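Two complexes are shown next, each including chain A; its partner changes from chain B in the first to chain C in the second.
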Partner chain A sequence: MIAKEIERAGIPVAAITPISLLSRQTGASRVVAGVKVPNPCGDPELPSESDRALRKELIICALEALQTDVKTPTIFTPKIVYTRG
Partner chain B sequence: MGRARVMHFLNQFFAEIGGEEKADAPLDSVKGPVGPGKRLGSLLGDSAQIVLTVFCGDNYFASHRVEVLQEIAKIGREEEITVFIAGPAFLAGRYGFACTEIAHALNHSLNLPCLTAMHPENAGVVGYREYKDPRVFLLPTSERTHGMEDALKRMAQFVYKLSFGGVIGSASEEGYLSRGIRLTEKTDKTGAERAVDMLLAKLSNQPFMTEIPVTTEEVTPIAPPLREMEGACLALVTTSGVVARGNPDQFKAVSNAKWAKYSVSGLKDMRDGKWDVIHGGYDTVYMSSNPNYGVPLDMIRQFEAKEAQEEGRFARLYPYFYSATGVGGVSSVIKRIGVEMAQDIKSEGIAGVLLVST
Partner chain C sequence: MKLEMATFPVKNVRFAGRTFYNQTNLDIDKNEITTLVLKDKNIVAADLEVVFPGEEARLAFVRDVVEPRVKVSEPGCIFPGILGAVETVGHGRTHRLAGIAVVSSVQYNSSITTGTVADSRALIDMWGPAAEVCPYSSLINVVLIIKLADGLSELEAHASIQQAHFRVARRLAESTVQLETEDLETFELGDVDPSLPRVVYNICFHVDPWSPLSRVLLYGFPVREGLPLLIHPNEFLDGAVTVDARQGGVSVWQTWMWMNQPMILRLLREHGKRLNFLGVILQRTSFYTEIDKEATAAFASQVAKLLGAEGAIITGIPFIGNTFFGVMLTLKAYEKKGIKTVLLTPEASGGGAGGAPLVFCTPEATAIVSTGDLQRSIDLPKPNKVIGCDRGQLMSETPGEIPLDPWDEIKSKGYSAVEGAVDTWGGTQFTVKEY
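This part shows the complex of A and B:
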């Protein structure tokens, strides 16, 4: 996977991955639980302001993840509400 | 043994309910074969009968795995199923994963022999190799559905053997993917004799087959964390298929082999620019109307320092985002894309990456 090669070059990657795909081997060490496949960084069913707020939480979580020392692949969960499925 | 009673598992696409938009479809079942099951049923002939087809959406399985496994086991028990088949899943990763999980569960709870089929690079193969269930078999298929007829024929032949309770030989004999299970066999030659035979063959450049293949597990490299956010340049990477309007680098919607970087310089929101979405693995309607879902530019700008060195913010966002459509790809191609992208990212002095995948 792409994340693995970037990490191999020594650059940390925060991978925002849809929640239904978290159990897959992605090769990323810092995985952020995103929303759904068609919209990993947001929720089109939310009003615009809430959608942006959700995206902001994902970014905050991803920036945290980038600065976290991890020894094994780790999932980071942002403070958001996930749509079903 | 009478005719085998087969339960067949499909995802929403092969069950003909719909595409990605139906990936949340809950578990359901119908009597008899559905979709490719119909052709499989006719190929099975007298050896077996598909009495029941169970299906659910790819996302539904992932988010309700435990309940779905329990429910399918219950159905299997009630319908007195004797063989379970899942697939063929080709390169559909979520579907392949579901096939392997269900086969593993049914093999354990109902002691059923199980057959599934998918491309060797499908994510589902990983679990199959880890579980090592002696009575679960995975047949390799082509990448896409053009190999359907061939896959169904080989599946039918395999089910014929399973139905008659015959002994299934080794992976290389029978054509299924190896699980790394070692079976004890009787042979006329001692270990010493066989080792010498192998060595002589190797020395004279004759073909030989090792009895114990040695596989090395690759350790996932873990990069150190970002130490100094305030001075860092961060970049966005996406596999969601967002590209510049007109798809100038001609990404393919499936089995894409290219990557590119596109300028977001001066843009505060992806919707201020012109983009296309090239991706055959999901319904791109939301992404097209709001590419911030795959390239979260609008909100990441808020964490970019306005003046030099602001606390809690990174110095600057790299003025391009990296893009490579990620679906139905063969791992050697994806690896090459990753290596090339990583080289570019490193040479540009980027200190950290936010990657969004679909």
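This part shows the complex of A and C:
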């Protein structure tokens, strides 16, 4: 909802959230699929190098989303393979 | 599986020389009960008090509430896996004392001092506005007041509290073991007219993944991040599902309510008449990634599909937040498989008009029953008597929270402080009027 208001002021927003469904409902235009609710932008359970690479990929994806023209709410998925074990 | 439930109502309770039940009168030998409880070295003090509905009395530091029941025939025991071996229950004969509950009021030094998985304490008022929303205020409450030793882990604390109140509950019910009654009810899922609609009941519940304990236990087994499981409704009646004994309030239903589950009892009673009740699916929905939420939704709906369910009742959880997504995704998965659903849930519109009542909703959710707003607040008046808390002592709902004074009036308190005050299962007395 904050995203929607900022966009209304004319500033594009890329929202990183693990619950992409919600963002579609509240109308944010650019949604980046995050990792997990307690840690959407990274994964502290990974070794620090892997976590850093994951975080970098997420931010790059968000920056690319900001530069993309969208007509309807769009979900951007970062190029990561997310596995749970 | 056929279960015969024999009900022995209790209208009078008093302390006497021996524990004895006779025609609605229950005598309790206080010494016998406290000695039983103090056998656990982790419990350093135990006392017993009785309160009656209508008394201006408040119970503080309340944890779990239990109905006295005992199995009088093989196989299995009451609270299997906890008071005895693990063996599937829900058949044979069980005796229950009705109109009475064992309430544990426990104080101890918490080792987790903040957050959602810390122990939580609740209040029960036997009169007034809180009594209207609390399902236990209309029962005669036998309060087991316990102090635990210092230095216990949360798991040890839970184990001591749970063993204590389950043993007391069973001991009280044992006073009926040799007795007969005409108040008998038989529960079974017998053969029915094949044209009746096939209905399954999906219970969603919440466990934080970082909790040291599972909020919900099945035969004493911690469900935690487990998969959805099909359970016979009778198993609930013999105490197969129990809970984290340290937590009072609304985050998890009390054992009493799991044993007297309103939806399950209603479905059992309608079986063969209006519907064909296939069973209960117990599902943990609080997963923290979207893909895991979709997974549990797929698993639960697939169990129902394999059973040939045509309809499903889904009940929500008192956390209308991220964990509610799992509930909605489950509903969506059911509908996608062609099973018609009805969702029963409380709303969280922020205490006034204009907010969205549910944080998330899918278009497939076309039939929803609301049990009211879980974010209302009530004023609790000053009591004459407080049990479980000394005068001058304060109680926080969770360690680290701003404490309240149970001896005083408490204004604008949210429902979370009152034991069992948020209805997620349809047992509420409240209805709705449209203006």
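Here is the rule we use: the second predicted complex is superposed on the first by the 75 of 85 C-alpha atoms of A that agree within 3 Å, B and C clash if a C-alpha of one lies under 4 Å from a C-alpha of the other, contacts with A are read in each partner's own complex, and residues count from 1 in each chain.
Simple rule for what comes next: contacts are C-beta pairs under 8 Å (C-beta built on N, C-alpha and C of every residue); 3 or more make two chains touch, one makes a residue touch a chain.
Values in this document were obtained by computation on a predicted structure and should not be read as measured data.
Counting only touches as set out at the top, which of chain B and chain C does A:A62 meet: first, second, both, neither?
first
Under the stated touch criterion, which partner chain does A:K79 make contact with: chain B (first), chain C (second), both, or neither?
neither
By the touch definition at the top of the document, which applies to A:A14: first (chain B), second (chain C), both, or neither?
First partner only.
In the overlaid three-chain picture, which partner chain does A:V37 touch, first (chain B) or second (chain C), both, or neither?
both
Return the residues of chain A at which the contacts from chain B and from chain C coincide.
Shared contact residues on chain A: 18-21, 25, 36-38, 84.
Where on chain C does chain A make contact in their complex?
Interface residues on chain C, with respect to chain A: 288-292, 322, 325, 329, 359-361.
Quick one: which bits of chain B touch chain A in the complex? Just the residue numbers, please.
Going through chain B, the ones touching chain A are 20, 23-24, 57-60, 62-63, 93-94, 97, 123, 126, 220-227, 229, 234, 237, 239-240, 281-287, 289-290, 292-294, 296, 298-300, 302-303, 314, 324, 326, 334-335, 337-339, 341-343, 345-346, 350-358.
Sort out for me which residues of chain A touch chain B in the complex.
Those in contact with chain B are residues 1-21, 23-29, 34, 36-42, 44, 52, 55-56, 58-60, 62-63, 66-73, 84-85.
What does chain A use to touch chain C in their complex?
18-22, 25, 33, 35-38, 82, 84
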